[in-house]
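Same chain, two partners: subunit A is paired with subunit B first, then with subunit C.
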Partner chain A sequence: MVKYNAMTQEWLDAWKQKIANSKEYREIAKNWEGSVSMIVNPDPEKGIPEPIYLFTDYWHGDVRDFLICDKAKAESANFVMSADFARWKQVAKKEVDSTKALMQGKLKLKGDLTYVVRNIKTVNKVIDLLCEIETIWPDEA
Partner chain B sequence: MANGYAGRFLHVDLTNGRCSPFTVEDALLRKFIGGSSLGAKLFLDGYRLDADPLAPESPLMVMTGPMVGSGFPGTSRFAVCAKSPLTGIWGESACGGNFGPELKRAGYDGIVITGRAEKPVVLSIVEGEAKLTDASGLWGKDVYETADLLKEADKGAKTLVIGPAGENLVRFAAIGNDKGHFVGRTGLGAVVGAKRLKAISVRGSGKLTRADETRFRELQKAAIEEIKDSALAGSLHAMGSDANMDIGMINGDVPVKNWSVGEDFELSSALSGPTLSETYLTRAHACANCPVACKRVVKVPDGPFQTEEGPGPEYETCGTFGTMIMNRNLAGVIKANELCNRLGMDTISCGAAIAWAMELFEKGTLTLKETDDLDLSWGNMESVLALLPRIARREGFGDLLAQGSLAAARKIGGDAVDAVVHVKGLDLPMHDPRGFHGMGLAYMMSNRGACHLQHAVLATEQGMASWPQLFPMKDDYKGTTSEGKAELVFHSENYGILGNSLSICHYLTDCLKPETIRDAFNAITGFGLDFDGLMACGARDWTLKRGINNLLGVTEKDDVLPKRIMTPLKEGAGAGSVPDVEKLKREYYALRGLDKRGFPREEKLRELGLDDLRERLYR
Partner chain C sequence: MEEEFIENRAASVPFAGILTDLLTANLTQRPEKRVVYDNMHGTVAIELVDIETAVTMVFAAGKLRIEEGIVGRPEIVIRTDSERVMDLNALRIVGGLPWYFDEAGRRVLNHLVSGRLKIEGLFTHPVLLTQLTKIMSVM
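On to the complex of A and B.
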């Protein structure tokens, strides 16, 4: 199985492909509209010297832009999520449930929380598909 | 007098009409702090435990804590305690709103009521002066009408009121604080009704002292910032407690069709917090000094379930009058909630009794003959709304349900008992132990019967809060395992119980750092308790109430989960899973220092400073 370096364009492309290929996702996400950005706070000790900004966009079961971007683009998303690298890694490895991390303040969200709760199955499915990607983490490389 | 306290309590003897202030030693306050913990101590020391809960000599206690009235977020709470007429064991129920702070400002930390009035009365406390007045004109009126009339007579007063259900001794009668907050569980409204006390009205403007005013102000500001930063607080503000409906259905938390079905996403979507916000919500409402404002104010403008603008349903009510009875109509839930509020009934036990009756109706155990021609098919809200006043007034079939689901089932006999989902006589709240085994243990061991609020297990096991600074915690707990849950429940109880003795809202406890709560408590009282000291207070509370229950006949045989919960579900996140009751109980008993009978061991009672209880249990 191909492995991808975490938080790179190739990793994002693989994730996008996984979502696009999922019939289940298409069905669950038919009502979802909007972009989600992920901000990875810097952690030099873990190989993250600068913040990383990831932009993903979803529209009624389809996937649109999945980009490494700059701060301004990330902050323009409908939903902006930020956390330390270690926390993102836990989420992507399914060691921590993203909803729990959000409620405990380990993951920060800017955006309409009601919309997220209404569409929580979509959110969970997107993360489940992320967890399926074979990932090389910078602190493990 | 200790800082944070009003410094005196009020004893009201309704038989002779006497109102007498009394004090409690500071040493006792340091040990039991307040709320239901102090209530339990007063109950053990001063009253006959074996008296019938509805007898004049059985006390009813309305208790606050030292943080109440301080202005610290979430400290509007107060507890009502008595022997429960529903379960026959220790009963308590906490409530938010604004009665607690007003009682403190009126000069009292709590009220102990005994006796029975000859005619219905109202207890009125204004600036420390207590008096009883005739309430014959209010008897029979509902909670909303009574609260309005009392406030017309004394603008600014805060009220505790029973409705027809309390007057008629319905075993799950509630007590309303004004019109939006309810002392719901364990049937304490019936204790008030048995005393012929229609209402308590309080008003006051006294000031409370704090040990360290400057530090308190800093902590108050810090708490507000923590709340602003909390996603849980944001979720509660945006969607109320019903935010749990969507997520809970995915996680296996939400019961469906009297606990017999594992998931139904159409139901949860129709009844969820977002749906409520998008349809009938008119505004959010807050208890005194709470920036979260989780309460819902709703209005159904037209149709068969039309309501005035008023208090909306919590998650629990959307469960009992929604998913549990297969009702997809949110307006119907709102109407049932309004009726229960007006009549003064606990929406959990009332809805659970109706769900139980619907199951028996489907099986043919109950027919139209027994139900007085009410068609109790699943989801029939017209019948539910017709049934609620009959329960409150104890008419016909309503009288059977008014006794509580367990007593009703025992009258019918046979399989009817297996369809009751309770622990120690208290119907389960809307969190399924098959999805979360820790909650199952918490239900088994809670001192008022199946309860989701005598501990913080809901928050810790489901991941809404994490407090590794208090006790060892994993980053994430899997719901459908019993591994590690006894320890989690033990610690979560000791911390969660503090919410009841400090009288601080559980939601705020979940949103705030434990350090902030600890330091604010110490800035108010000057007690200087560290985490170990506070957790010891929690353990003392649990053991004291357990000992009271032991004296009332509770043993390890009562620490069980009902048959329905021990039957695996076929679908949903909890499918195929049931708590490992023996393992959970064995590990938990060791942590709590309980012997094989389920009694606290003598050395544990000594360690916790409960020597009076030790003598009662071992003499």
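On to the complex of A and C.
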């Protein structure tokens, strides 16, 4: 199976393709509209010298832009999530539940939380599909 | 909406911030929930057992104060895990009451039956619990 370097455009493309190919996602996410960005806080010891900004956009079961972007673009998303690299890695490896990380303040969310809770199945499905990608993590490479 | 209708005195507790954000959005977007909120009196604590976090919500006629930990003697104490607490927000309100006959409702009932969700005051303070469910529900 092809492996992708974490938090690169190729990795985002693979994730987007996974989502686009999922009939289950298309059904679950038919009401979701809006973009979600992920900010990876820098951690030089883990191979992340600068913040990384990822922008993903979803529309009624379809997927649109999945981009490595700049800070301004990331902050323009409907929902902005930020966390340390180690936390994102744990979420992507299913070692920690994203809701739990949110409750602990280890994952921060800006945006309408009521919308996220109403559509929690969509959020969980997107994360599940991310977990299926064979990922090379910078601190393991 | 006025700024001070929720006073979060537990700002250092991330869960308290989430509750504040969620309630602020819900009460701002849904006037019918604000009516319920304005008539609430009582104290409710929520403890997230797995992350050793608890907050107490003190409702007093259109005001809410959130305190860190379990403070005083709350009429209702909800104990569950951080991964399950959001399930309470997914309960639908039908005919003015929480609806337990759909997927979200059955999930909450399963948590109650299995002991993953414990509610002290479930039978002694049903009105306050129903009011709480109404204002917390995002559905």
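Everything that follows uses one rule, which is that the second predicted complex is superposed on the first by the 141 of 141 C-alpha atoms of A that agree within 3 Å, B and C clash if a C-alpha of one lies under 4 Å from a C-alpha of the other, contacts with A are read in each partner's own complex, and residues count from 1 in each chain.
In the analysis below, a contact is a pair of C-beta atoms (placed from the backbone, for glycine too) under 8 Å apart; a residue touches a chain by one contact, two chains touch by 3 or more.
Quantities reported herein were computed from a predicted structural model and do not represent experimental measurements.
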Combined model on subunit A: subunit C and subunit B, fit or clash: clash
A:Lys71 touches, of subunit B and subunit C: first, second, both or neither? neither
A:Gln90 touches, of subunit B and subunit C: first, second, both or neither? first
Partner chain(s) touched by A:Asn124 [first = subunit B, second = subunit C, both, neither]: first
When both partners are placed on the shared chain, which of subunit B and subunit C touches more of subunit A: B
Touching partner for A:His60 - first (subunit B), second (subunit C), both, neither: neither
Touching partner for A:Thr114 - first (subunit B), second (subunit C), both, neither: both
Touching partner for A:Leu102 - first (subunit B), second (subunit C), both, neither: both
Subunit C clash site on subunit B (candidates 456-464, 474-482 or 600-608): 456-464
Intersection of the subunit A residues that touch subunit B with those that touch subunit C: 97, 99-100, 102-105, 113-115, 117-118, 120
Footprint of subunit A on subunit C - complex, ascending: 14-15, 17-18, 21-22, 25-26, 29, 48, 50-51, 53, 81-83, 85-86, 89-90, 138-139
Partner subunit B, residues of subunit A touching it in the complex: 90, 95-97, 99-106, 108-109, 113-115, 117-118, 120-121, 124
Touching residues (chain side subunit A, partner subunit C) in the complex: 97, 99-100, 102-105, 112-115, 117-118, 120
Interfacial residue positions of subunit B with respect to subunit A in the complex: 229-232, 234-235, 238-239, 243, 246-247, 250, 265, 272-274, 277, 462-466, 475-476
